[in-house]
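Here chain A shows up in two complexes: once beside chain B, once beside chain C.
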Partner chain A sequence: MRAADSDVAGLGATRAIAFVAPALLLIGVFLVFPALWTLYIGITNYQLTGPAAAQPRVVGLDNFVSALNDALFLNSVGLTALFVFGSAVIGQNVLGFVLAWLLRRVRPSLRRTVEAFVLLAWILPGPVVAYLWFAVLSRDGGTFGLLLNDPATAWLVEYPMVSLIVFNIWRGTAFSMLLYTSALAAVPPTQLETARLVGASGWQTVRDVVFPHIRGHVLTNTLLISLWTANDFTPFLLTAGGPNHRSEVLPVLIYRQALESGQLGYASAMSLLLLVGNLVIALVYLRLLRRRA
Partner chain B sequence: MRRTTPFVLLAVGGLLAGCLGQNQAEQGQPTRNADAKDVTLTIVANAVAGGKNTRGADWLTNWVIPRFTEAQKAKGVNVTVRFDQNGAGDEDYKTKIALDLKTGGGADIVEIDGIWLGEFAQAGQIKPLDDVIGKSGVDAWDGWKQIPDAVQGLGQFDGKRYGVPMGTDGRVLFYNKKLFAQAGLPSDWQPRGWDDVLAAGTALKRIPGVAPIQLNAGTAMGEATTMQGVLPALVGTGKPIYDGGKWQGGTAQVKDVLGLYQRVYGGGLGDAVLQQEAKGRDRSFAMFADNKIGILLESDYFWRSVVEPRIGVAKMADRDTAVGWALVPAKQSGSGVSGQDFVSMSGGGVRVVNPNTQYPKQAWEFMQFLNSAEAVKAALAGTAQVTQRNDVNDEVLKGDPMLSFIADEVLPITRYRPGLADYPKVSAALQQATADVVAGKSPDDAAKAYQDALVKAVGEGNVAGG
Partner chain C sequence: MAGIEITGVSTVYPNGVRAVDDLDLTIADGELFALLGPSGCGKTTLLRTIAGLEPAAAGSVAIDARDVTRLEPGARGVAMVFQDYALFPHMTVAENIAYPLRVRHVAKSRQREVAAQTAGSLSLGELLDRRPGQLSGGQQQRAALARAIAAGAEVLLLDEPLSNLDARLRLEARTFLKRLQHELALTTVFVTHDQAEALALADRIAVMDSGRIRQLGTPREVFQRPADTFVANFIGSTPMNLLPGKASDGAVSVAGARLPVEVDLVDGTPLVVGVRPEYLKVSGAGLSGRVSIVENLGVTSLVTIECADGTLVGLTVPEQEEPAVGEALSVSAAPGRLLLYGEDGRLLGSR
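This part shows the complex of A and B:
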């Protein structure tokens, strides 16, 4: 194949490169460079303070080996999986779809109001939201405790993971809802009508008519929210990983190891493991998507 | 294209490899900019007007900066002093300072906790004053002779002076006299052993809604757990944390201390949930001020800045009559370090000159100004505190019974933490051990896990016992 055949736009190689250069530069500076940097720090014993800050040594794969043998790391992996599965894969997905499905045929004014509230949870800044939830779940007359007539329960201490999962469902459902709303609009109304005429129940309609149309959307949505949730740092604002590591998801563990304990090398190694985990999840989803096509 | 990728990666990796840990190149001579007529200096502290350590912040803003600027103007130098305020937890502040220094930036004068000195020094992030300022300039300051040797030690590492200490403190048991009266306990209480403290706790427990004893525990409180919990208890068993060149692992003494935690938190004498909350320490202060905690181990900081009736973060209008204090007893009489009956731990802040400063001479002049008798006295704003200067202490401590108690009774029996770079790792392991006990582990199991964590953190050869 000659070059001219593939050059549909007729730009020529030089100009084409000139056009993409700014984008590549940005990607290089903000994505490739930090990733390589993390990779490099991850094989050293680099620290924030102390002798290893002045003269870091390359320690090879030691950090990765100790991470995989570290009870705290394994605990975090388990909690992160629980967090992603509970709040994103199940929670946000299901709630987002249910909201989108139920809001299809209600009055536009009601739909807009509900959507506005759901969206509000999504667009408020993290610290503000964390503060609100802190107040709701506090044991000093927090709103939730007062509602249950049990003002002395410290929800964030006694049920840290449940609190985080509920919080993250509340926080992130808006995205799934929006995505499913537009996906549902793509389902041909004639097919829904036919299903209704042959007497299909609501569940049967969703399973046999709607789902085949939006399968791609479900996978894309699940992929995105899984990755966001796995990297989410907001749990730190609510529980700081406590009590006693019971809500220490990976981003929180990495932050605490890097900045509180000053183990920059070790934390970088763990970041890389998290990155690899994310890549694996992404590959699995992509494989599923491709199979559909 | 395909074939060049590995080479690009290698090249980038090679560039990176040269970068870590080297940021000293731009630091110059002590004499640089010595004759500058326009000077900008920055000071950073964990103090913020209207919040944490508000008195220190007000002093810097309203007293120090205007007067220093004026004094310099008289000499024909135009100085602008900026004050970088912070109101964060100690660990967060430390992280910020470490990152500042590491990246070759940061304020010219930096306030740090004395216990961080060793780490920063070993990382090359701070330098001996002799190197930054020049030996003759440092020695020429007449303030040194006012600072007692033990206090000067806070600003030293490996026998070299890195900074000027900002005073010291001592730890005691504070107790609420109103609750003590309700529980039928004396108002001039002085326990002679741990059993006496626990007995008082048992008596206080009968008052509904009161957590009898607050002995800081867990990782959320950070260094406050070590300094206001584990270490004072540990010196009461006869051995400090670093003894004979080794850190104490899961020794009998450490087990005793963890046993004390179990008796407090397993026996319902303390609020176990509070130790695990993200803001537990602040809450414990509020609870004490609200007459909901009977006995609390703290430094005199608690008296000066927490329950202080005017500017404290948890004000107690009746502090002077309602709050009592007692020496921290050893496990039993005579079981403390050096056979002492009573024990304490001390620390204190230090101001260092940033080696990256553009104006070393002027920064040192500012430092001397900050530590002049006049400035130190003004910093107290009519209150009292054990300052770094003997001449100021002689004058101000007379007026405050609590702080003269610290100076007269506590400082003679106190101990300091070892200023070694490994200390924070040991401290973190101790915090985890107390967290384990509060969460229900037995002291023996917690001590064993602590031993393992310590060996991993500092190396087997540096750990004693197990």
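This part shows the complex of A and C:
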């Protein structure tokens, strides 16, 4: 009786496994295996060329120890934190919410137009938008320089992190805007009207009425965009980590270590450290979410 | 002195619906006023227009002789209780009640004082530290009322204040609301689709339909002399008899009977004779027919008799005088309780 209860489709175990096998195989080949492989080569001295490429040797935790003592790695950790905090936690979050909040009460046609433009920035392929921004920010003929009547400034070279942060806010705000738009629809209108009737200002309404309702959404949104931003590789297309490592966020550093310097084992170890960082961020958010419930 | 003066107000929704249509209304200071009508008649829109939540497309709203038509809701000196109470779920009862004061940056100690005082007068004193989710429906309603009162407004607006309560609680809340309004002497406008609620609570009632006022008067006037057949139909817990008839020889013939009432109309003029089941009595003469249905209403029974031409007439009889189904009965109206409506549905007079 119990077996029949759990087997709603009436397939039987063998056929059920046969149905999910292709999906499991794909997940195994493209997700599980590379992850385990990264784990493994992270503890070897595997290289792209040379004797260590043919016969990698297990070196234990050496790669991790040297990464944590590597000034370039620590520099990248700091830049990544700045990138995540500036462009995601503050930038996309706040701008996304402000857009959602302001677009609530405008004409539907205007709202749809703004949403379409914001979404466009999000769905265009990374190389395309990177090229567009390169054209906007570059020296001698960049649109931004021409607008400011200052064509000599190479924005990506002189202010690389600021440029990356502005770029990533522009690129990723759509997700936060969409999420907050639907979150705001869940705030009971009569509570907003009660706030209006007692004369609450916009800020008081957001703080006292709206925010308590959407706290869960804020945490989820911040978690997702933080992880995406921490792992984002698009900065490579704009600055390639330069000048002189000044915009070398972790994914860029890992890429350069692995494919430019050929240190596959060392780069894998750094990937693992980035993964651990992501996990820590996720755990903190999950704890905050649980405390709310 | 916070009366409400509504002059020529129209409220039009973006889809072109005129929910309130060129409406004039004066509500006196301290009055308990009901906006009554079926759903979609514009009563809630009118209330929201007074509050400023809907902009008036035309006309003006004045509160306490001050034109507030273009003012934000928060600047009008009105407080409103919504049908779903709109209590903030993350705040305690005390924080909810004191919220209007918090918005105005009143000192914390003063906020607590006002919350405790208002809650006390609405018998919520024990519940100050609870969250709305931990309150019963009646307690939530009183908490919402307390918040509205704590706002210190001159006008209190209530949107379907009793409709979310179960039947028994509703009667208690009705009595409570009437006493509270009497004590505070706060100009109060409430919206309801329940005619019994409007009759029981209000000092005056406006019966609305399609964005206009059909009749304005005290509960007694609206109940006894409905201005047209729409109001006649809408008011009363047992539906009013509206019988088609016509003038003949200076009297009225209806359902095969000649009613001995004088009318000054050309013979053959179509009429509608309206009479409440409560005002019909079993008698020797008048409308006659056979009892077809008897419904027990508790103290009284609603008896439906079918006249020879098929017209159905309802009347209430005391429970101990309940007739048997099939019995022949003649009924006539108490003097002055017969209402005559013209073909257009307007009241011509009573006999």
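As a working rule, the second predicted complex is superposed on the first by the 266 of 293 C-alpha atoms of A that agree within 3 Å, B and C clash if a C-alpha of one lies under 4 Å from a C-alpha of the other, contacts with A are read in each partner's own complex, and residues count from 1 in each chain.
In this text, contacts are C-beta pairs under 8 Å (C-beta built on N, C-alpha and C of every residue); 3 or more make two chains touch, one makes a residue touch a chain.
Note that the structure is predicted; figures quoted are calculated from it, not measured.
Placing chain B and chain C on a common chain A by superposition gives a fit, with no clash between them. When the two complexes are overlaid on their common chain A, residue A:Arg287 makes contact with neither chain B nor chain C. Greater residue coverage of chain A by touch, when chain B is weighed against chain C, goes to B. In the superposition on chain A, A:Thr194 makes contact with chain C only, not with chain B. Legend: residue contacts after superposition of the two complexes on their common chain; A:Arg112 is shown touching neither chain B nor chain C.
Judged by the touch definition given at the top, the superposed model places A:Val209 against chain C, while chain B stays out of reach. Minimum Cα separation between chain B and chain C in the superposed model: 41 Å.
No residue of chain A lies at the contact with chain B in one complex and also at the contact with chain C in the other. Within the complex formed with chain A, the chain C residues making contact are 51, 53, 72-75, 78-80, 82-84, 86, 88-91, 99-100, 102-104, 147, 151. The touching residues of chain B, counted against chain A in their complex, run 9, 12-13, 16-17, 20-21, 91, 95, 98-99, 102, 116, 119-120, 122-125, 218-220, 273, 276-278, 421-422, 424-425, 428, 435-436, 438-439. Of all the residues in chain A, the ones that touch chain B in their complex are 33, 36-37, 40-41, 44, 46-56, 139, 154, 156-158, 238-240, 242-244, 259-262. The part of chain A that touches chain C in the complex is made up of residues 188, 190-191, 193-201, 204, 208-209, 212-213.
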